[in-house]
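Each structure below is given as structure tokens.
There are two complexes below, and they share chain A, which is joined by chain B in the first and by chain C in the second.
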Partner chain A sequence: MNRLRYFLAHSRGALLALALFAAMFAVYVAYHPAGLTIDVVSTAANKGVLLALVAMAQTLPILTAGLDLSIGMTFVLANSLASAVVLGSPAETALGVVLVLLASLLCGALNGLIVVFGRLQPIITTLATGSIYFGLALVIRPSPGGDVNEDLADALTYDPVLGVVPPSLLVLLATVVLVWLPLRRSTWGRAVYAAGSAEGAAYMSGLNVDLGKFVAYTFAGLFAGIAGLMLTFMTYAGEANAALGGAYTLNSIASVVIGGTSLFGGAGGAIGSVIGAFVFRTIGDLLFVFDMDALYQPLFIGLVLLVSVSLGSLRLLRIRNRLELFR
Partner chain B sequence: MSQILELHGVSKSYGGVHALRATDFECARGRIHAVLGENGAGKSTLMKILAGVVQPDGGVLRLDGREVAFARPAEAIRAGVVCIFQELSLIPDLTVADNICLLDPPRLGFLIDQRAQDRIALDCLARIGVHDIHPRQRLSDLPLSRRQIVEIAKALRLDPKILILDEATSALTAEDVGRVFALLKALREDGVTILYISHRMNEIAELADDCSVFRNGERVGVFRNGEKTHDEIVEMMIGREYVHAYPPKPVRAAPPQPVVEVERLSWPPALRDVSLTVGAGEIVGLGGLDGQGQREFLLALFGVLKGVQGTVRIDGAPVAFSGPAQAKRHPTGVALIPEDRKTEGLMLPMSIRDNLSMAILDRLTRGLVVDRIAEDAAIERAVGQLSIRFGDLDHPVASLSGGNQQKVVMGKWLLTGARVLLLNDPTRGIDVGTKQEIYGLLRRLADDGASILFYSTDYDELIGCCDRVAVFYDGRIVRTLEGDGITEKALVASALNLEPGALQGADDAARQPQEAT
Partner chain C sequence: MSAVLRVFGRIDRPVLLAFACVVALLLGGSLYTSSFLSPDYLLKQLQLGAFLGVIASGVMLVILLGHIDLSIPWVLTSAAMISTAVAGWWGDAGTLLAIPVGLLWGAAIGAINGFGVAFLRVPSMIFTLGVNAVLQGLMVILTGGAAPQDYATDAMRWLGSGASLGVPHSLMVWAVVGALIVFVLKRTGFGRSIFAFGNSEAAAYLSGVNTRAVVVGCFAIAGGCSALAGVMLAGYGTKAAQAMGDPYLLPSIAAVVLGGTYILGGRGSYLGTIAGVILITLLQSILRIVQLPDSWRAIFEAPESLREIVYGAVIIGMMLLYGRQQAKRG
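Entry: the complex of A and B
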């Protein structure tokens, strides 16, 4: 029982985000003209899953007290590459998927190598590499277009599984269960958390801090690659879109914070970020059902974002020892 | 007797300053070897070399007769040399079990086996005799004294051949110190070699088999425990004539004019109905086991805690400070020397000059700029008053030794001219010489009329320095000892909240103590 209590206490941020999402989604469905239909859920899922995957990617560098500003560009690069290689026979398509994931993994690994061995600040490192990844995307896809294996695309993004479950949600679930959870419970994942929580203490304990950072950036690339693939499956095309990459980078940071992961590193997790991403997406959907002028969207999103991240600071009101404000 | 560890001609210098000068050191298998010396004597450099944190400039290190060199802490740990550092090497966001099993956790395939990890953690904690820490608790939720226990448990889990403890008992409760001592003796029986660094002579006397004394980067003596008296050892350490450690206390005809009057101060659960008066020129000690509310009491007086009940009067007028800035501005002036000089006392990367003038910047400001001439004059005063030893005022304060850093913290607050000084364990982890200077300084300040509240985890200090000692237990003052009544036995008995006489041989305590509430 104690275990459960400590687990709940450690996951407070993610649980708070979950409650927020449940409330917002309930309002959304209640006011939606069509109500709770598969189409409504499926559309919401597809929009949420992309950001959720990119937010999972962003979680890892943030856990090491770093940041990955190239994540959106890796996402765009994967999209552009997928629109060129995920085609043809099942075998060729499978090879294409592997190629895209490998390329994204390499993007992440390059970030990791520079941060670890170059001892450069993650922000400036990934700002530079992000531009490189976008440049590569432009080379692959100078103008929007390309194609993708439609059977696979429809199976993963449109045809509901068992008639009710949006398949993109299952892809997300599979990523969480098959990649994130094992990583979190491995020594690599432990090193990620330790590197962000107290780098000096981890080094003094004989832990390989560099490995933790490298793993964080590399897996971030992998998650962004999965997101890029899913984008291709949803649009049947690739586009080297700088604005899209930039927006996903910034929105992923917002999602991570809404999901209860500390920007100081060491505390939080990717599941919270997934919830945070759905919260973020639902904000836009709420505007739609309330028929608000699209002009007010950015203003409204900003306000809701500010309020929801402020929820995380509510604990400060309960602080009785002012010194804790600085910790 | 086989030597498990031998060092020959090991030297290390930092930027031209010799931390170790071609020194030798050896210790025998299965013995507890105490390492003594002032800060800067070279003992922490020695430990860092053994632990793989720094690499020696020259010399030979032999473990079990084989020559070794550790490039990283991980290599030392793999060779069986495990160090328990004074600055805890724990990860605050991970759980207790995660921390204890940080290196090489039990695994099921690729995954960490959490349940096995819990069992290992409980097992290590049980070996120390501690049962009140849950393996799934997050480390940052534990108080310092518990974290130190986890640090020791973590070292046990690594199965050390050589265990190095660097002031590892400084934050422990008296009860836990006893448990850790029993553990160390049991480890010795199992053939583990223990290097024990401490400033607490009574701990060394109880525990050590052999002692090495370091001074100025060299080992100046090695002897069996008990062969030398405390006075002889201290003289070896400081290399100068050892006068009495504590300045004489004044004899008073009448109780002094009250300056700080605290009535029924509460901040549940840490503080309950604490009432205490400190007069002008008085040093009042706060005693008791660690974590009984002493720190919170000082923080409450300084305005750091929110929601404090009860009244505090300074010079007769009630005060309720909203924080240090207000406490500092009060006409009488209140200063708090914090417990952790590295986070709360100093801005480590900033210069010695900037640190010293930090608390009086408002007074040194003319218009919008700091008056550098007035600042220099103030800093000169502080440096002279505390005899702070430094290379250059513009060097970062982090470059000073621990003792001199603590002097900078005190100097910063003394410059404010505060008449009420709150000291939170100010001598923790600093060398004997600096401690003595601080004792002398406190008495001089008191003689000039300052009112001092002095929390210390070291009973010797309370006995030697204080006019009165208020003993805390579970957030209350259970007894106030005065004058000759401040004895070790009385302090221990009150700290455990025993009735006088209940502790065997506590007769002295029975005669003097007065009930406070």
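Entry: the complex of A and C
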């Protein structure tokens, strides 16, 4: 019983987001002209999974009280690279997938190395490395195009598993179960949380805070790489699109916040961010079924973002002494 | 000799390093092409650098607080779009009011940024990123339906691309903005409070500084500076265009930080920002003019790819040289 209460208090943000998502998705399906068909669910899942993976990536640096502004560009780089190497025989394709994941892992590791050992601020580091990753994406894909192994692409993004489950959801589930949960339960994961919640105390208690930060940025790169792969499987092509990268960076932060992770670090988790991403995507879908003028949609999405990041300021109502604000 | 030492003693090491990098870039560029050191070319660089300089002036104030403004791209673009649109909507009065309205718009958006940071206490990088997205949405609406006027007024062109007695007007604007910022930082209580806030917000608050007003003021000035640059850039390029502000976000922050302003606030000099702006401008210029050998061109098919990579790498490299934080524990 105590454990349940603990769990509820711990994941209040994520559970709220889940309820919000369920309500919004129900409205979406009810008003969608085609109703609840596998196509509607599959399309919604595909769009949501991309953002969910990038949001998972963004969660880790935010948990350490940092931020990764290069995450969208890592995503774009992985997309460009995948459109060049994930091709040919099954063995070649598998090698290509490994190559893409390795490359994005390296991007994240570079961020981590600069932040930890270079002792530079995450914002300026990732702003600059984002520029590098985008340049590399342009080297691989000077103009949009490329190709991908279509059998694998259809299997992972199109053909419903058992006739009902969109395969992209299973990829997301596998990422959560096989990568995120083990990471969270490991000492590395503990160090990630500790680095964000009380760096000094964690250091004094013998936790390897530097390792925690390094792990956070490295795994962020990996998650963004998986997202880039999935994008390639959905579009059968690669494009070095700076605007796309920027939008994903921004939306990932919004998703993390909606999913209940604290922007000050130390509290929250990637599962909340996944739910946050689906909430964020469903808002866009709702605008579509309710026929909102396409002209007004970017503003509306921007306002949702701004309001959701401002929701955290509700905590100010509980503060009695203004000095508590200055941490 | 002692006078020289006194002057240099007051200049930080990062500022000296930044100026040394400027000299190195000039020498390196002149090895590549002799026209690199010609007065015409250098003046042209200063004219272009002035846009960055005006933006960086505002960015510096925000960074001195220990905050950051990521809304620069769309504050700049929206100010340019609104001022050209005003010139179209209001006829003759609009032509006169175009620039003031653009600047007021920028300052107002900056004040909203400041409100979010000072009163709502949302981390500045996140709140300004959100404001950036909202502005982009607003501009989609403004320019999406019946497109308003987007070409610059004569006054904007005069500011952006004109020159008197051989000196570009944009450079004069930067000089005026720079002088004002130096005056504010060195000679006013507001300037002192900025440094105090950057060193310790709690201490500044307890000493009676109106910390919220300082934050809102700095962000408003930063918004006004971005807007001024936007208006001038519209004049320079003859029209306001989508995404015209995107190439200025990283350079403006990099210029300030490479100029020795401490990214967590509290330390920095305007001289350093000038050095940083010139440094970034020269770097961009060199990356533009250098012709690649054919074997390289096959790899870097899109010319901006190499520029982006070198640019990011150089900024990281320079920051690692002298922008590192102290190792801090406990």
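Criterion: the second predicted complex is superposed on the first by the 302 of 327 C-alpha atoms of A that agree within 3 Å, B and C clash if a C-alpha of one lies under 4 Å from a C-alpha of the other, contacts with A are read in each partner's own complex, and residues count from 1 in each chain.
As a convention for this text, a contact is a pair of C-beta atoms (placed from the backbone, for glycine too) under 8 Å apart; a residue touches a chain by one contact, two chains touch by 3 or more.
All values derive from a computational prediction rather than experimental measurement.
Trainee: With the two complexes superposed on chain A, say which partner A:98 touches: chain B (first), chain C (second), both, or neither.
Mentor: After superposition on chain A, A:98 lies in contact with neither partner.
Trainee: Tell me which partner A:161 touches in the superposition: chain B (first), chain C (second), both or neither.
Mentor: neither
Trainee: More residues of chain A in touch with chain C or with chain B?
Mentor: Larger number of chain A residues touched: C.
Trainee: Which of the two partners, first being chain B and second being chain C, lies in contact with A:323: first, second, both, or neither?
Mentor: both
Trainee: So in the superposed three-chain picture, is A:266 touching just chain B, just chain C, both, or none of them (first/second/both/neither)?
Mentor: first
Trainee: Kindly classify A:203 by the partners it touches after superposition: chain B alone (first), chain C alone (second), both, or neither?
Mentor: After superposition on chain A, A:203 lies in contact with both partners, chain B and chain C.
Trainee: According to the stated criteria, A:298 is in contact with first (chain B), second (chain C), both, or neither; which is it?
Mentor: After superposition on chain A, A:298 lies in contact with chain C alone.
Trainee: Return first, second, both or neither, reflecting whether A:194 touches chain B, chain C, both chains, or no partner chain.
Mentor: The answer is first: A:194 touches chain B but not chain C.
Trainee: Could you tell me if A:10 is touching chain B, chain C, both of them or neither one (first, second, both, neither)?
Mentor: In the superposition, A:10 touches chain B alone.
Trainee: For chain A, which residues lie in the overlap of the chain B contacts and the chain C contacts?
Mentor: On chain A, the overlap between the chain B and chain C contacts is residues 200, 203-204, 322-323.
Trainee: Applying the document's contact rule, which stretches of chain C touch chain A when the two form their complex?
Mentor: Contacts found on chain C: 68, 116, 119-123, 125-127, 129-138, 140-141, 144-145, 200-202, 205-206, 243, 246, 249-250, 253-254, 257, 263-264, 299-302, 304-313, 315-316, 319-320, 323-327, 329-330.
Trainee: Under the definition above, what is the set of chain A residues touching chain B in their complex?
Mentor: Listed in rising order, the residues of chain A that touch chain B are 2-3, 6-7, 9-10, 182, 185-187, 190, 193-194, 196-198, 200-208, 266-267, 319-323.
Trainee: Taking the touch rule as given, give the residues of chain B at its contact with chain A in the complex, in rising order.
Mentor: 51, 53, 72-78, 83, 85, 88-95, 98, 102-103, 105, 107, 110-112, 114, 134, 136-138, 154, 267, 296, 299, 304-307, 323, 344
Trainee: Spell out the residues on chain A that touch chain C in their complex, using ranges where they run on.
Mentor: Result: residues 67, 114, 118-121, 123-125, 127-132, 134-136, 138-139, 142-143, 200, 203-204, 240, 242-243, 250, 253-254, 257, 263-264, 295-303, 305-306, 309-310, 312-313, 316, 322-323, 325-326 of chain A touch chain C.
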